[in-house]
Every structure is written in C-alpha cells, then in structure tokens.
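Should a chain be cited, it is by its letter among A, B, C and D, assigned in written order, with residues numbered from 1 in that chain.
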Amino acid sequence: MLPCTGRIDESLLLKAFENGADGVMVVGCLEGDCHYVSGNIRARARVKRVYEILDKIKIGPDRIRMFNLSAGEGSKFAAYANEFVGKIRELGPSPINLARGGQVHAASQKETT
Amino acid sequence: MITGTPKPIEEILEMLEPYDNIILAGCHGCVTVCRVGGEKEVQVLASTLRLAREAAGRKIAITEISLERQCDPEYVEKLRPYVSDHQAVLSIACGAGIQFLAEKYAITPVLPGINTGFLGVTERQGEWAERCQGCGDCVLHLTGGICPVTRCAKSLFHGPCGGSSQGICEVGKDVKCGWQLIIDRLKALNQLENYGKLKPYKGWHTSRDGGPRRILREDMI
Amino acid sequence: MKGNLDGFSGSTEHPTAAVLVIGGGISGMQSALDLANAGIKVYLVESSPAIGGKMAQLDKTFPTNDCSMCIVSPKLVEVGRHRNIDLFTHSEVKGLTGEPGHFTATVVRHARYVDIKACTGCGLCEIVCPVTQISHFPALPAEGEKKTRARAKEKSIIKGPGLPRPVTSHKWTFSVETTACGMCGGCHKACLHGAVSWEKKQVAVIDQEKCTGCGACFLACPDKFKAIAIADAPDLDKSLGAAVQARSQLLKKEFAGTEQKDCIRCGLCAVTCDKVMNIGALKMVEEGIEAGVDICQVCGACASVCPVNFLSIDQVTNKTPRPLLNSFNEGLNGRKPINIHYPQAVPRVPVIDEKSCVRLNTGACGICGSLCGVGAIHYDHREEETEIAIGSVIFSPGIEVFDAGRRGEFGYGLYKNVVTSIEFERLLSASGPTSGTVSRPGDSKHPKKIAWIQCVGSRDHSCDRDYCSSVCCMYATKEAFIAREHDASIEPTIFYIDMRSFGKNFDNYVTRAKDHKVRFIRAMVSRIFEDPVTGDLELRYVDGSGERQAETFDLVVLSVGIQVPQKAKELAGKLEIDLDRYGFVVTDGYQPLATSRPGIFVSGAVKGPKDIPETVCEASAAAEAASASLAAARGSLITAEALPPERQILPGEELRIGVFICHCGTNIASVVDVEKVVEYAKTLPGVAYAEHPLYTCSQDSQERMREIITEHRLNRVVVSACSPTTHEPLFMSTLRQAGLNKYFFDMANIRDQCSWVHPDDPGLATEKSKRLTRMAVANATAGEPLQEMEFTVDSKLLVVGGGLAGMTAALEAARQGFGVYLVEREPQLGGQLLHLQRSNDGRRFVDFLADLKEKVLHNDKIRVFTSSEVVEQSGFVGSFETEIVMPTGGTRTLKHGAILVATGAEEYRPEIHGLGWLDTVMTQTDLEAELEKEPKPQWQKLRVAMLQCAGSRDAEHLPYCSRICCNQAVKNGRRMKTLYPEARIDVLYRDMRCYGLSELDYAAARREGVNFIRYDPEENPVTITAMESGIDISVIDPSIRTEVRLKPDILVLSTGMKPRDAEELASMLRVPRNDAGFFIEAHAKLRPVDLPSEGLYMAGTAHGPKSSSETIVQAQAAVARAVTLLSRKSMKMSGVVSVVDPTNCAVCLTCVRACPYGVPFINDQHSAEINPALCQGCGICVAECPAKTIHLGRYDDRNIRAKIESYSGT
Amino acid sequence: MKSGSNLEKVLAAGHFSVTAECGPPRGADPEVVRKKAAYVKGNVDACNVTDNQTSVVRMSSLAGCLLIKEEGIEPLIQMVVRDRNRIALQSDLLGASAMGVRNILCLSGDHQKFGDDPQAKNVFDIDSMQFIHLVKSMRDEGTFPSGKKLDGAPKFFIGCAVNPFADPFEIRVPRLKLKVEAGADFVQTQCIYNMKKFKEYLELAKKQGLHEKVKILAGVTPLKSAGMAKFMKKMVAGMDIPDEVINRIAAEPKEKQAEKGIEMCIELIQELKEMEGIAGVHVMAIEWEEKLHEIIGGAGLLPRPVVE
C-alpha cells in the first residue's frame, strides 16, 4: 500500500518482475479524482513506460496494468483483480520464472488508496 | 545542458551480447537533469537488462554505479576499483563522458547506453529543445538573441527562406521558423535594422570543422 | 423558551470545565471527542453496554457506500482510549442539580458483573455459558424455608430413531469412595450398563471395563452420601460445569460433520441439569432420556452441552421456550446471558443479563466465573452511584425505530419474511447473523425479489407519527443498492410517496441506484398477504395510472421510521427539558442546540430525525455550544498524556520484531490458520516474538502489546490484521506509548486480502497471510525512526465570508476565547440573509440579523474587514498567512491558525418562464419580500402558482436538489394564506421534500388550503406559457388523472441556490469543490465540516444548500472543530514527508515541477528543499526524481524494495 | 553588359522577357533533356535548368545546361547552397562560365528532408544571399572570396528567387533589397496565384525603387487540374493559391480543367505584362513543357525578340 500511485516508479515496477512477479497491477484513484491531484496521471505514464519496456524485452506488456477505482468500488476491485489474475494465468508464468525453473507465483498485486 | 535519449533496448542488448558481467554507469550531471542517465535510469535500465537477459536464458550481472560526472578525471577514476572485475562498462552519460571512460580504461570496452543529443533547454517538464550548436562564433547580439545557426533548419544567415509559412519551417509542422522568431524579436527590440545588413560568410573553423576543439586556459593551469 | 445562551454567558466566573454527554452513539462520541480535544473533560454516559449506537449496527452508509463499522470503529477506539473522556457504559443519568457552569449529575452504573479493568474481552465466558433461553426459574424458597427441589409429575421420553449408542471417548472416570458410600444401591440401579456391582450392606464397586462414563451412578448417589468421585475430567478443578463444557467441546469436535441422530449417552445433559443447574429434570433411560417436562426451567443448557444435537430444548419442557435474542442483531440470532454487545464493542467487556443468568437468579451454574482466567466475573456486583461535577450537559440519547407491528396490514411479526429495515441492515452486515448473506428469516432461502415499503411509521397520522423520518428514502435506496452488490440477481423495488433525497449528492445516488436496476414505484402499499406454503408475499397497491396491482415478492423490508424511545423521554423529564408531542427536544431556530433548560444542549436525532453527517455536525455544534461558557476554565480538568521518552535504537542493535496475527474474532481466524501464520512468523529473520490475539485492536490487547514491547525489548512491530487505513494510527500510538518510535511499524491486511476474499480456500488464505506478513516484516526491518515536527499554533481564526455562517462562527469562536478575522467581500455583513425575510417559525430575520451584526461588530476579539478579499494564502495548519486586499486598495497580511470558509450561496435566477422580464413572475425570495410590504387589496383573491424545481434537478440548470425550496414554498404558501385567505395557491412539485419535522408544516399547508399538484418532467411535465398578456399553465394532475389548466396572476419559481463564486479562493486554499461549485468535505459522513486540508473548515451554504438553522449548526460545528486545533499550543505533523538528500541533488527542478502542491523549491544551498509542514506525503516527487535523492518516510524505495524482495521468498 | 547573356540583352533592350524551366531527368539519358528542349526552343529568352529540385536527385544542372545549349537554347543554371560548400560553388561557377553558361540563379535549395535522402548531411556553408555576393565579387572584382586573384573572371547574369507569399510578409521586400544589394541582376518569383498579395508586394518593392535596380520576372505555373491546385496549396511550403482560383478551375468538368488552367495562366501573364515594374515572366510548366508554346503564344509574347 502506498500513499498514492504517484509514488510508484518504473524501477520499482521492474523490480517486482525481477523478484518473480508474473504480473503487476497498479490500482489508483479514478482519473480526475486523485487524492493528490495528479499522482495517478503520473503513475499512468510510468506504467505505460514499463509496458513498453516489457514488450521490448519479451516479458510481455500485458503483465502490467493500471486500474482506476474509487474507494467505494469494492466489487469492481474484485472483478478487476479476477480479470487480471485470469489474464496472467492465461499468459502463464513470466519468462523469468520459466528461466528460473518454472516455479509459478500467483500474480503479485500492489494496491494503493 | 547536454541532452540525450535512451538507446533502443534491442540495440543495447545486442551490444551486450558478448558480456555477462558489466558495470552500468550513470552520471549525476546533465543526463540526470534531462532524465536519461541519472540514478533512476540506472536502476530502470539495469532491471530491464537483467529481465531481458534472464528471460532469454542467459543472466547478466550488473553493477550499478552513478558517478558525479563522467567528464572529469577524478570522478571517472572512482570507477577504477570496479572495472577490472567486469567485462564491460555500459555508460549512460553523454558521448563525452562515455569517451572519457573509454580513454581511461583502455582494455575494457565502454559502450554507449544513450544517444547523446544536443545542447538544449527544458521547454517544460519532459520536453527539451536545441538552442546551441557550439559553433564557436556567437552572433546572438545581431539576431535578437536567437541563433540562426541552430534555429534555422538551413542555418541561413539571411532568412527566412521561401519555405517559411505562418511561423512554421518547411521542415515540419512542429518546427518553428527560426527566422520568423528572429524577426519578431528584432522588431520587439527595435533592432530590425540589423536585418538589412549583409553578413560576412561564417567562419566554420571555430566549429566542428576545425577538427576536435580544445580550450586552453593558461591562467588556470 | 427561556433565553439560554445570553442568560448565563459570563455569569460564571470559574465554571467547571467538564461536560456530561448523554448517549454514546455517533453524536455523543463526536461531541465527546471535540470537547476532549479542546481541553474540556468529558463524562460520556451510555445506557447500553458499549458505545457505538445505531451507526455500529448499520452495514453501509449512503451516499458513499462506506462500511459503517469500518468508519466508526476508529472513533470508538479513540473515545475508548481518550484520556480526557471518562466512559460510563451500562449506566444511566439519574438526576441533575445545580446551575449552568456548576451542575452536579448523579450517574448510576448498573451492575455489569464483569470487572471492566480486569476483563480482556476474550469472549470465553460467552462461549462456555450454556444458557440460551429466558428461563422459568423455580420459585425461591420463602424466608426460613428449606430449599427443596420440585419433583417431576409429567414425564416424557426423548428417543432417537435407534437406541442410544454409548460413547466412551473423553470419558470421565467414576469411582465409589468407600468411606462415604451409604450402600443404598442407587448407583447400581441407575447404571444402564451393569457396570456397578452392589450387594446389600456392601460398598458398591464400579467395573471400569464396563463403565461408559455416563455418570448415571453419580446422579443417583444421594446428596447425603456424595460417594461417587469423578476423575480424569479436565477443568473439573474449576467447576463441574467447566468440566462438562470441556468434555462437550471435545465430543463436539469429534462428532463434527457426522450424521448422528441417536443419543450417545454421554450423560452431559443430565449431569448439567442436575448438578450444574440444580434442577434434575433429566434422567438417562434405556430408550433415551427421560425429561421431567414440568420441572424443567427451560434454560437451554442441556441442549447446548449435547455434543450431537440430539436434544432440543422444546423436547424437554412443556412450556414454550423463549430464546434469548441478540438485540444488537435485532433479534435475528441468539445470545447468552453473558454477552459482549458486538465484536468491535468499546469497551469489549461483557455484561451479565440479570434476567436470564442462572447464577444470579438461582445461585446454580457459575461456569463463567469458574473459567474466567483473570477473575473478572463478580456475581456480587451491585449498581454504583457516582456524582460528577460538570459545567454543561449534552443530551444525545439517540433514537429507536418505529414498532412495525403497529402497522398490522403489513404482517410484521406474523409473516416471517417481512423484516424491518434495521433488521435488513444486520442481514447485509458481514458481521451480522448471516455473515452478510442475504437470506430470508423464514426459510434461509436467498430472496430474488425484495420490496421496500417506505413511510412505515413516518408521515402517518394514524400512528401519531406525522413527521418525516428524513433518512428512510436514502437508507432504503442504499439497502437495495447493496443487496444487489451482494447478489446481482436480486431485483429490488422501492414503494414510496415522495423521494426525499434532499442531501448533498443524494439525487446522484438515487440515479446510480436506478442505473443499478433498483426499481422505484411511487405508490402506497395497502396490504401484504403471505402465501402460507411458500412464505412469499403478495403486495397490493394502486399504481400511477390508478390501476390496482398485486405483485409477489420473496422478502419485504419495512422502511421503519425513527422515534424517541420512552426511556429518553423519561430522562428528558428528569433533566427538565421540553419535548414536543412526539418526544423530540424543542429548540429555538436561532439557538438550535440549546434546550429549554440553560446549560443543557441537545444533538442528534432526538432533536428531530436526521442522518449521520447532520448528526455529526450537530454533535460538534453541541460541543461548541456546551463549552463556550466554560472556555475560561479550559484545560483545568484535563491531564496531558505523559509519554515515555523515545528509546534510541542504536545502529548495531539486534533486530527484535514482534508480530501480532489477529483473529479479528472469527473474521480472520475462521479462514486463516492464524496459529500457522504465527509459527511461520517466528521463523522470519529478526522476529523475536509472535502471537495471535483475538482482537489485536481491543483495549486490552493494546495494553498487552505495550507490555510485550517492553518485556521483549522489541524494536519493530508488525500487525497482520485488518485495514491500515482504519487501524494503523491506533497501533502506531501504542508503539509510541511503549517508548518506540511509531514508524518502526508495518501492517498487513490479512482480513480484507485473505480471509474476506478467499473464504473458500483456507489453505491459500493462510499462505497468502504468511506472504503478506513476511512482506510486512521485511518492511518493518527496513523501517527507520521518523521525527514529527512540532509547530506552535496561532490561536486566531480566519473566517472568510460574513453571512450568517461567518458571523455566527466569528462570534462563537470569540466566545470560545479566540481572536477572529472576519473577511467579507461585500461592503456590509449579512450575506444571503439580507434578502430573506422570515424564519420558518415566522420571526423576522431583520431583527435577528441586526442583533447578530451588532454583537460581531462590537466584539473586541473580532476584527471585521468588509469590502475585502483574500488574495494570497500561504503557510500551513496552525500557522497560516493570508493576504487580503482592503477597500483602500492596500493589502494586509493576517496570521492565523485555522481557516473557516463560509462564502455562502445565493438564489439562482435562471431566465426561464419570464423571470426577469415579467412583473408577474418572481422567485420565492421575491414573493417573501412582497409579503412583507403593505397588504395589497388586489391580492385578496390572487391566483398564485408555485413551480418547484424551477431550474433545480435539471441538467441544464442546477443538477442538484436545493433542499430548502419545498419548505420555502410551504412557508410562503401558508403566509400567503394567512394574509390573503382567499388567495388560491397551487404548488407544482416533483417530490415534496419537507423532511423531518417540516413535514408537519407541509401537512398544515394542505389543511389550510394550499393545493399541491405533482408533476414529473418525463411522465407529466408542466407546460407554462408566460407572456405579458398572462400566464398559462397546464399539467396532468396525477391524483385525479385529468389535465389541469391554471391561469395564475403570479407565477412563483422555486429556483434553488447556487454557490457564490469561490473558485479563486478554492484554488488558493487548494481545496476541492464539486461540479456545482460547493466545497467538498473531508469525509461525507464523519467529517462534514472539515475541508480535506488540515486546519481548514467550512460552514453554511458554501457546503451545500441549507436552512438558516442548519447554517447556524454548521457554523458552530466548524468552530468546534477549529477549536480542537486552536486550543492547542503546538501540534505535530506527520513524519511521512519527502526529504531531499542534497548530496545527490542535481537541482534539476523535476520535483519542483512535479509536486501538485508546489512545495519543493531550490534553496540558497543549491539543493531542492521540501518544507515538511507543507508536504502532503504523496511521493510523486520521490518517484520522479532522476537522481533518486528524495526519500519519503516509510514509503521509501528502501521500504518498497524490501517488500518486493520479500514477496517471492519462502 | 555584365554577362552578355541573351536574357540580359533582351531585358536591357526593354523587352518583356520570357523564361521557362526544364527539369533534368532522374537518369543519365540525354534524350529526355533534348526532347524537353524541343518544346522550349523559340519560346523563351533563357531556360532555367533546375538543381536537384526538392532535393530529389536528378542529372546535374550544369550538364542539363550544356545539353540544352547544344539544342540552341540559352541556359540559365540554377545552383543551390544546400549541396555545395563554398569551394565547390566557386569551382562549379568557373566551370559553368567556361562552358558558356551566362545566367545563374542563386538559391538556398529545399531542405533535404523532402527528397530521396532525408538522412543526407546538408551543407549550407554560405547562404543564398552570400552566394549572390560571391558570384558578383568573382565577376566584378575578379577575386576569390579569399582575396586571391582569378585567372579570368566568370561572366554571369545573376539571378535570385523570391517568394512574396512566404512569411513574414513584411520581411519579403527588405530581403529582396538585401539580395539586390548583394548583387542580384534579376529575380524570378515563386508562382503567382494570389494577385492581390503580389501587387501589394510589388507596390512595396517599387516604393523602394527596387524595380529599377533589378529585373523582376514574375513566376507563373499553369494548373493542370483542381486536384493539382489543391495538392500544391497543401503540400508546397510558401505556395499561396486562393480558394477562388481553385474554385474557378474546379467548376470545370475534369476533362476541361487543363484547358481552363492554361486559359487562366494566359490571363495572368497578360495582366502581369501590363504591370509597371514587371520585366518579364518565368513560366514553370512543370512536366508540361509541351504547353509552353500555347501559353506564351496565347499571351501574345511570340515570337521572342532577337537582340544583337
């Protein structure tokens, strides 16, 4: 949990993959509704950069995604989490984990409010 | 400051193909300010490379180091204790820094991680633009403080050419006509008479065309 | 109405700086906290065993769908822990004597039978208590008479399908004590297994091989011998009852999941009945159990100790069992005589119910007392009377719901599937009787079609509930909404009269509900018929087109109104405060918190129905009103928290982490194997201690945590429990109290993220809990002590806006003893009130306003700046600087500690229906002004049409409801009727939103001949042609289903309110406004007058449309909130702020540009710098910094990396 | 006579001159040039041979000039500073002069971005203004820019190009003045469609007396179709085609648009012919050299005078 998705940066997101995450979801406030004005917009740009990097290095861009939710949308959060986990299961273990001997981790989740 | 852009990751990976153990060297100078070569980029690139290599089935060890500047010998010297333990150095400083590293560590390959750009300014966060080509013979006092060499796509001294349309250069929609800017500025300065003078041919010998340049300040040696 | 405030202000030289708050609901809690945080001692008296009130019972809250318990529990804890609040639960106020400033209250603490200080809230007593019913206790022997047992005359044998199958597991060993044996042979006869051999005049011998351990022999042995001894019985050292429970639990575990229909002849029921309950109604016989059904006391103990559910209570008695019902769960499930009010209760200490406890009534049983590990149970407790000295009283006892049984046509109490709305809240609640599964009480079936019937016990003359309960439209919408969230197949329908969604964002909420397939039908349901076979319910009603309809539903929820409980009325009588005919406390619209008795103030729904934010607002306001006259003595009765010095953790000190894995009752532990997680945690590097408290957040657990930290010299603490958002501050302050820097802490949310989301996969949930705990441990390891900066607080208040809210606030703040700057843009004070004429009770505003202005202008603590505007704002909470431009054009810088925004609103004047160019078309405010002028003879027979929602609830104009217009129309209509009785008045309305007690005015207006015609912009829109030649209106009147044509002489538009322009102010203050331009509160429910930035408050119509009386309440509330800040000499800021390490700063300006608050700057040492007082701690700069040289407290790269790296460990 | 070229002579004699242009082929086949020359011959006083126009690589302009000269047409060599530094420029000037080319048009050249090799390095050692000065000083002073003496000065009638429709408009006449001062003898303008704006420009130039110091040849290009008009307006920097012009040609059916274009071009030339300060026209019939005769004849400018 972070004070704001604006705190997360590319190096940390990539670190998660280095540490064996098969997927990373970043969950922030609704756009235009950031508690810290613009943190989620910054986060979106950083996630996009990581998306592009993952694409280029063949880890797969779809392993990272940013979601936007309001605090009252618990069921939506669950739906998003399930959707994302489903997607990651479909993609299977990240090439990193395959290279390390195929141990499969559940999708990592990072949450912020 | 000196600006730059990250090299495409595929290109870096290709460069690193022969190596399994490298130093990734950042620089706290210009490249930090223009956000291609600072500590954060060192971390991002190191992670990226490790991931890419591990995914490809061949791990790479990366030692992450950021030097104060790669363009001063004392700082560059700080890398020495590490260099011999590594097969190569990937530098994300400007071309000057990269070369300086290469000169100092003669038997270790030094590779560029960024494409060095230009001498520029920050237009706004995330946008940089060229302002100077370092030609060695400044005429800004005649051109309203706007450099015709840098800002005109053809480096004209008597622009604008016929390709100037509504302040935009023929080269592209995003390129402002440098001469339009000069004229606007001269007008604002009430110095339009400067325009009417035929300027002598520029001596390019003070620029790159004079060979690698050197500044010697005997008072400081 | 006696003059209250003026009557005694200043008359007491040395008042008692303490306040008695009656009622521990959200109102009383908020009052208590605002007072206690402003240096006033508080005695909080609550009649029930725990604070929390109605809000603790609610599932979610509208219009944000916040979990009610989640948002209220931090308040519960804060009240429970607050050193300036003395809590009296299970207590009552008996009387009050004295004068304002110097009252003495008599408070009775009812006997709780449990020592609050000793009890740990473990809940064991509740588990072991075998009693489940309201017993028929045997008559006590008369004085001097010997106690004898009744003998059964009527017997019944309880049999299973087969014969008993004796069980011998966990068996006790029975043996005959030879010295005591009377050689009577009773045991031999009693034994059904031939295990007791006996010869006349010989000592009986028990063959242990044959003995099954049923204890028949033990029961048969006459009391005069007591020759059978028991051995091998765990807990027998505590009591026989304890031993029974111990064996029962073991057998229950053994038989869990098996289909066992026959008696296992364990004998526990008979032993319990005879030896524990001292009744002896049960006897083991060949076929089963013989029950003396006439002597059974119906306590239920036999059935509860039966390990296989062979016995049920109705089999053993000839009386009808009366189960003990859980009042917190609205009787939807059972409880024990010893009972913790609810899981998160504060204090989490049970109470023994005198009416149902066997021990207290007959002297038998006493299992709980024998088992309590801390000896907290005292059956000899007696009630205690305490006298407390206070300066003022706040009366906020709360409300109860209407008794739905009084509306017989709905069959409540008869039809099982008709429930009240509060019962439905409990059905929705995750901690409720069904754990949040929506099921029918009748048959536990999941209902598909659910109907809500509105106005049950509201707007109902026949039940003497003429008023509107204000909250039901919204809570019904919420319940329907949430029901669908629980189960998307549910089809909710709400039957209503008027949709009174008059509050801020309420209409949006209703629209959202409609989008979520909640059906709204405007109809009154006449009757409900139950299908006796299916339990389904047929509703009869007349629809909009006049057709009779019948529709079948699976479940019906009655939206019951709220009413003042009889007890509260009685207490009001003791306190000598005036109530209206319904029992609501009478107050004056200009002094809305003052009761008829000086020194007693009122807050909450007991003053009239209201929702949570309004209650919270009133509670703060009452705190302000109650403490204003005590201000001189502020701080004289409180003690500052003495914190131990912070222990310095030396760099090389060994890591000693304490890990607490919370059960959260069963919330976590029912899914997650907390013990395994504890064992796992112990293996993690640096962990020196780990345990699994039942409720880590409970007061006793926190005490314990403090002790453990000291005892084990812990230097890091990790709690795996619920949401850090609600609970982290609590744990962190416990760390501090234990002398540890509070940032040596991290929390894992294993409730929301493990037990709640993976209830069906305990293994996974446990593994995930381990992982989250591991990550939290890693993060705590990376933790560093952070320092919280301390600032001095400037005690002055800046009030922006000199209308009713601003002036009231200024005056109240001055009375509280603080200097005030009052800045008004216009040349004169008064705001919108200058344009209004009369209050709803008919008094002229002009007199009130003149008096108010006089007081403000002559108060030497208030400095008024008219024709002045705020142009520049800087600083931070406690230390603001504001630059204003004055009429001279000069500027002045004001220094102050807090800001109160009261910029107000004004009447909306849209150019519709000829408004602005036709003399015959005017707004309600115009009409009000006209009615104040000389009577106009030509108005005697005037035809007036009033159009409600003219430019309100309209996407092209004001999209929201302005809340006040319906009441304004009623007020003006009635005044018109008084002045010109023959005038004809037609009010065209969409929903008459005369909420609360103003419903009475609406009813009066109808009686007085004002005509109301409903329209709907979609279904039956109003057509209006307004020309110089005349006004033509046509609309289909739904009540007669005919087109009505009106040709009024004047058309009065209820246009609503729009906020005054405050865009620049909002951007200077960096506070948000909604689309309409009203300021957004920090929290819609619990922080209604706080702005999201610290030290900023708001009041009045700048927040949203409201009446003058509501505005005064808000102004006082905002002052109360500001005083909690201004009364402090200094304050601390969060330690979680961004800090630049200048060594690597490239001075690149990235942070300066990235910060949404413009905080970083480049200092003269050539480094970026961030003022910790201004930093909001979002971390955007940290992430952007290309040199990675900005660090953010506990969210630094170091911490996040630690978590990430520990993620994939083992 | 500065150069003794035919164009100079025609202009000096006060005739309304006519030039045209001929783009060398994208190949080494001289026949293409010869074929084009056949259309040009007899219709003009001199013919421009373009220098890698729009940075698209073509046969060198000097070779083109020699080929049309062989066909009996007076060549006018175009030379851009984009591709040559001052050394190459001087050398080519000497060569051209030696081969009998007597007219030159000094240009900056379109940016390489438009052509085949956008990644090429451009030169722009000196600009077109300085180039005019360079030609003039070699011709009149007989010295190299370095100050060294020439063994035989080149002879050129020096021209330059102007675009009255480029921005900023206010600088256009001062810039022409600068070119005149640098040594331009004649100017050829960008194609004129916006007559109103051109007249405005001409008025300003005349106020400075520039029409008396330099021969102004107005540029015209016949439109083949409405589509071509729209394309040029959109794609060619500094091309100003008013909507009424486009509408006029677009009003015709497709098959008659070419005819209309020629008619409009003739009208334009006739109008220019009557204007004070216009010394001639430069007809750029782009890849439409076969129509030159029709246009120039149609404007009443044939036969071309012979001045000895």
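FYI, a contact is a pair of C-beta atoms (placed from the backbone, for glycine too) under 8 Å apart; a residue touches a chain by one contact, two chains touch by 3 or more.
No experiment lies behind these values; they were computed from the predicted model shown.
J.: When the mean CA coordinate of each chain is compared with the mean CA coordinate of the whole protein, which chain is closest?
T.: Answer by centroid distance: A.
J.: More C-beta pairs touching across which pair, A-C or B-C?
T.: A-C
J.: Averaging each chain's C-alpha atoms to get its centre, pick out the one most distant from subunit D.
T.: Of all chains, C has its centre farthest from that of subunit D.
J.: Measure off the straight-line distance from the CA centroid of subunit B to the CA centroid of subunit C, and report it in whole Å.
T.: The mean C-alpha positions of subunit B and subunit C differ by 62 Å.
J.: Just curious, how far off is subunit D from subunit C if you go by their C-alpha centres, in Å?
T.: Roughly 88 Å, centre to centre.
J.: Using CA atom averages as chain centres, what separation in Å is found between subunit A and subunit C?
T.: 35
J.: Enumerate the residues of subunit A that touch no fewer than two other chains.
T.: 9, 11, 15
J.: Two or more other chains touching the same residue: where does that happen in subunit C?
T.: In subunit C, 1154, 1188 touch at least two other chains.
J.: Which positions in subunit B are in touch with at least two other chains?
T.: Subunit B, residues with two or more chain partners: 40, 43.
J.: If two chains touch, include that pair; go through all of them.
T.: Chains touch in the following pairs: A-B, A-C, B-C, B-D.
J.: What residues on subunit B touch subunit C, complex-wise?
T.: 28-29, 32-33, 35, 38-41, 43, 66, 122, 124-125
J.: Which stretch or stretches of subunit A touch subunit B in the complex?
T.: Those residues of subunit A that touch subunit B are 9-11, 14-15, 17-18, 53-54, 56-59, 94-96, 99-100.
J.: Of all residues in subunit C, which touch subunit B in the complex?
T.: These residues of subunit C touch subunit B: 1144, 1146-1150, 1153-1154, 1185-1189.
J.: Residue numbers of subunit A touching subunit C in their complex, please.
T.: 1-4, 6-9, 11-12, 15-16, 19-21, 35-39, 42-43, 46, 71-72, 75, 78, 105-106, 108, 113
J.: Considering only the defined contacts, which subunit B positions touch subunit D in the complex?
T.: These residues of subunit B touch subunit D: 153-167, 170-172, 177, 179-180, 183-184, 195-196, 198-202, 204.
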